[in-house]
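To keep things clear, I will list the structure first and then write my remarks on it.
Chain naming follows the written order as A, B, C and D, and within any one chain the residues start at number 1.
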Amino acid sequence: MIVVMKAGATKAQVKHVVDLVREYGLKEHLIFGTDRTVVACIGDKRMVDKGAIENAPMVEKVMSILAPYKMASLEVKRDKTVIEIGPERFPLGANKVGVIAGPCAVENRDQLLRTAEAVKAAGCIGLRGGAYKPRTSPYSFQGLGERGLKILAEARDATGLAVVTEVIGLEQIDAVVEYADVLQIGARNMQHYPLLEAVGKTNKPVMLKRGMSARLDEFLLAGEYIINGGNKQVILCERGIRTFEEYVRNTLCLSAVAELNDKTHLPVVIDPSHGTGHAHLVPSMSRAAVAARLIDGTRWA
Amino acid sequence: MIVVMKAGATKAQVKHVVDLVREYGLKEHLIFGTDRTVVACIGDKRMVDKGAIENAPMVEKVMSILAPYKMASLEVKRDKTVIEIGPERFPLGANKVGVIAGPCAVENRDQLLRTAEAVKAAGCIGLRGGAYKPRTSPYSFQGLGERGLKILAEARDATGLAVVTEVIGLEQIDAVVEYADVLQIGARNMQHYPLLEAVGKTNKPVMLKRGMSARLDEFLLAGEYIINGGNKQVILCERGIRTFEEYVRNTLCLSAVAELNDKTHLPVVIDPSHGTGHAHLVPSMSRAAVAARLIDGTRWA
Amino acid sequence: MIVVMKAGATKAQVKHVVDLVREYGLKEHLIFGTDRTVVACIGDKRMVDKGAIENAPMVEKVMSILAPYKMASLEVKRDKTVIEIGPERFPLGANKVGVIAGPCAVENRDQLLRTAEAVKAAGCIGLRGGAYKPRTSPYSFQGLGERGLKILAEARDATGLAVVTEVIGLEQIDAVVEYADVLQIGARNMQHYPLLEAVGKTNKPVMLKRGMSARLDEFLLAGEYIINGGNKQVILCERGIRTFEEYVRNTLCLSAVAELNDKTHLPVVIDPSHGTGHAHLVPSMSRAAVAARLIDGTRWA
Amino acid sequence: MIVVMKAGATKAQVKHVVDLVREYGLKEHLIFGTDRTVVACIGDKRMVDKGAIENAPMVEKVMSILAPYKMASLEVKRDKTVIEIGPERFPLGANKVGVIAGPCAVENRDQLLRTAEAVKAAGCIGLRGGAYKPRTSPYSFQGLGERGLKILAEARDATGLAVVTEVIGLEQIDAVVEYADVLQIGARNMQHYPLLEAVGKTNKPVMLKRGMSARLDEFLLAGEYIINGGNKQVILCERGIRTFEEYVRNTLCLSAVAELNDKTHLPVVIDPSHGTGHAHLVPSMSRAAVAARLIDGTRWA
């Protein structure tokens, strides 16, 4: 951590910052530049309240050196995590391309079973569909609940597809764990910490979607919450961020796929449907995401 | 709702859209332009699945005419809602300026009681402080929980200030309702619907913070969730959005204050601390927010 | 164009809008909905001053039906434009993958000639390098000017690579036309109209970079300025937009590549260097951009 | 400047960075942390090519300590710059509130003279109106040119208002200097450096509008270009940034007004019309901007 003092900070003001830094168990290192005094801090700053230092008198800014996450980091765990999903144990995070498809919501048994057959026939590995729906409007259809979960499980039994479905509230976790193969945390709940902690106590793979304005560090820290709860099976899902662009619902960040690959051992998937909002962009973005992850010119098996 | 067909859409494709529109109980109105056919839809579209129409063949785009919220709208309820908070029943939404202040987190009894005295002495009307903290990192201090709530209640008894504190999980609601005067829903939870529904069943005023990438319609719809649950005491809090700007933590949108004033009957407050991230910007943004709301040149009482 | 009146607009206010609409040579079409009156306008609205209507009394909003560009549109010109660049006439816009590489600025003859050899040896088709540099700071190196152009031309003669270089000011155009194969308009100048008009009067291909906060319509309209000047050889370059993301300098929008492909006949290229700001992301984003453009599963020749 | 090496950087890689740093005339200061080696650099980094260091092997990131601008900084010039505009020499930058108003474009003599009378009668100090218009579409009205300038000058003679008008191309500068009181640089041209340099050689006040995605540092550096050219009369104009918000055309950043006040000696004004895109938001944003600048509780004279 680097603390930059404002021009004209007095010795006493610098000393105050040094005292704060030591209180947090860090070692300081003073640098007197031409225009500014800088306090470089050595040690693990993960427990430090950055705000307390930032608000000390005559502090201009505080800059971080280390990433704030740990267990999600490739620096800490050098081998990539592979997570097997569904009855056919398809390995996410290995060099294989798998597609998960399905309707937004489970509407009824017939719709879902027919869709599942088509999804299977198309060569997909997973079936998604919402039993509990997070709806922007209270007037929209909110999902079939447990009945939807049972239909999803029936579709899995019929096809061998892995069932991926969203869990929104703590009280739904038991039911979703019982029927689904992968618990999905939606973008709107990426920072709903009680939910992250709760799925961290289950033994099911969790697909964590990036919040629509989440920075990569925040995304990884949300994953860290789940790992910290005891569940290491975290799959990260890039689903687009909110920008000023108008021709898409969200701006899908394929550079995030490449960057996450560099930073974390966790598997990364994309959601090209929510990530663009348009069916006609799904094939091109899917191909592009695969290409972004191609390593050393070798095509995935 | 206006459905724009792509150039070259056939009669059958237009008819398919018309059929969908009628299925949702709307009446269509066809317009044949020079380059495009447009299907204007008349009726209440709040229950319509816009996506289903958007994905119909040869549909270019679907545009909304009406705002998606209803009970939060000034069109539906013409008189401004006034919400009285705390033991001294300070009216939010009336032409009075009140300040709510306090620490990020309740750390201990002594810290909070001394702060509350200072807050009172400065002329404020409310005391805020977190007993439950939503922390980006699992390694940060998570709050004192119920013990923190009791300290807050003690501070209220000593000063008469209204206690405002965040509720993060459903299981905390009973305790927060018991000790606090205003339940705060944090920006990260603005779209955590189980929480919105649950506070909608309490009888305490709710301060709903705008999500950091929420559009105004989504913000009002989140408020609508609470009202829809039965609780009409919703206070909207503008707290800045996430943009590319770097000198502030968030970009405080004071035009949102003016615009909400025009659109909704609910009281609007701002959070200049999170809305900028810098103590030195709090006084100017507070004054600016008051000025933005000045009506007809009359200063608030 | 669709004009939505506010709730409660009087007949006279609607008539005023209808009069304005007719003044611009459009035909109106009135729709009386349950809550709103809507004026749909038929005809070519490209010459209409949308603002004048938007500011008429009791107008709530004005929505466009048609894209504002014309000559850049795939609706107007159905066959894709192919632009041949450099002494070897490499066709941009055809199903071939070509790479243009080179240093940010031409620093000296030796640096550039050695780089050009390496670029050629790596199989690239073009050489880029700035002779005139648009620098955020007045204190940075501003480029070698005409001397840099001569070095670039020498490198082309030695290698057969197409020379791509930026033109910033009108007074540089003659020199750049003389020495370069492709004139580049930088992102900061995407809406500097005198420059767009001026390069529109040359007979050299123009590589137009997307402004860092330009919407696709604005990008295509900037291209339309050049075409409108008489020069049809416009190459569009996606180079990332400014968002809240921090791990990249810009957020490269690969969905824009796919979408532009759908909307315009002009060739589209990407700038993965400025589009991410990191060398380690260039290979993955380059592969991804190629994959985004793959048509019908066929790899480009 | 702080250079952070990646974990595992070798001594030779650190030495390479140290050599680069010394080449730019800076002094290094090595800090060996628990996980990272950091190279702190002392000296004036304004001439350093940050990119060259950023791309050195095993460099993780480069962070700046000092702001990149100098002559615009309040650290360098401690007294606020006051710029007098128009025949009545109204002082911008002093504690007075002045309003500049007028139409988007000068359409004809009658329209402008009548508007100018109204602007004067309303107590304004300046008249704005475009003679040269930067139009997103080549099909829109491009302005009356020099004839428009003459009409503006006539309006000034009739009213005593200061004339503010945009200059888009270098070839317009002489005419605009002859007829106008303040040269406006539009948001789209904030980084068109030839124009900044050219107006830097005139002796007229320049109103520089913030680019729609410009960071504050870039805005101040654009001002620095003008000052660097010799013209110290630079007025900064906040006019809103492009964000995901939809109810406004741009998001007006009033915190930027307060922050600029803290960082620079140059006068700051706002453009509430372009900054919101809606007439009904202009009064509230104007009041708010004045309130944001109120100093020490004293109202401006």
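By our rule, contacts are C-beta pairs under 8 Å (C-beta built on N, C-alpha and C of every residue); 3 or more make two chains touch, one makes a residue touch a chain.
Everything numeric here is computed off the predicted structure, so don't read it as measured data.
Distance from chain A peaks, on a Cα-centroid basis, for D. Separation between the centroids of chain A and chain C, computed from CA atoms only, is 33 Å.
With centres set at the average Cα position, the gap from chain B to chain C is 38 Å. Centre-to-centre, using mean CA coordinates, chain A is 25 Å away from chain B. Shared interface positions of chain B, defined as residues touching 2 or more other chains, are 213, 242-244. Contacts between chains leave no pair untouched here, as each chain touches all the others.
Of all the residues in chain D, the ones that touch chain B in their complex are 213, 215-217, 241, 243-248, 251-259, 262, 275-276, 280-281, 284-285, 287-294. Across the interface of their complex, chain D is touched by residues 2, 4, 7, 29, 31-36, 38, 40, 42-44, 63, 65-66, 75, 242-244 of chain A.
Of all residues in chain B, only 46-47, 49, 51, 55, 68-69, 104, 134-141, 168-171, 188-189, 191-194, 212-213, 218, 221, 224-225, 228, 242, 279 touch chain A in the complex they form.
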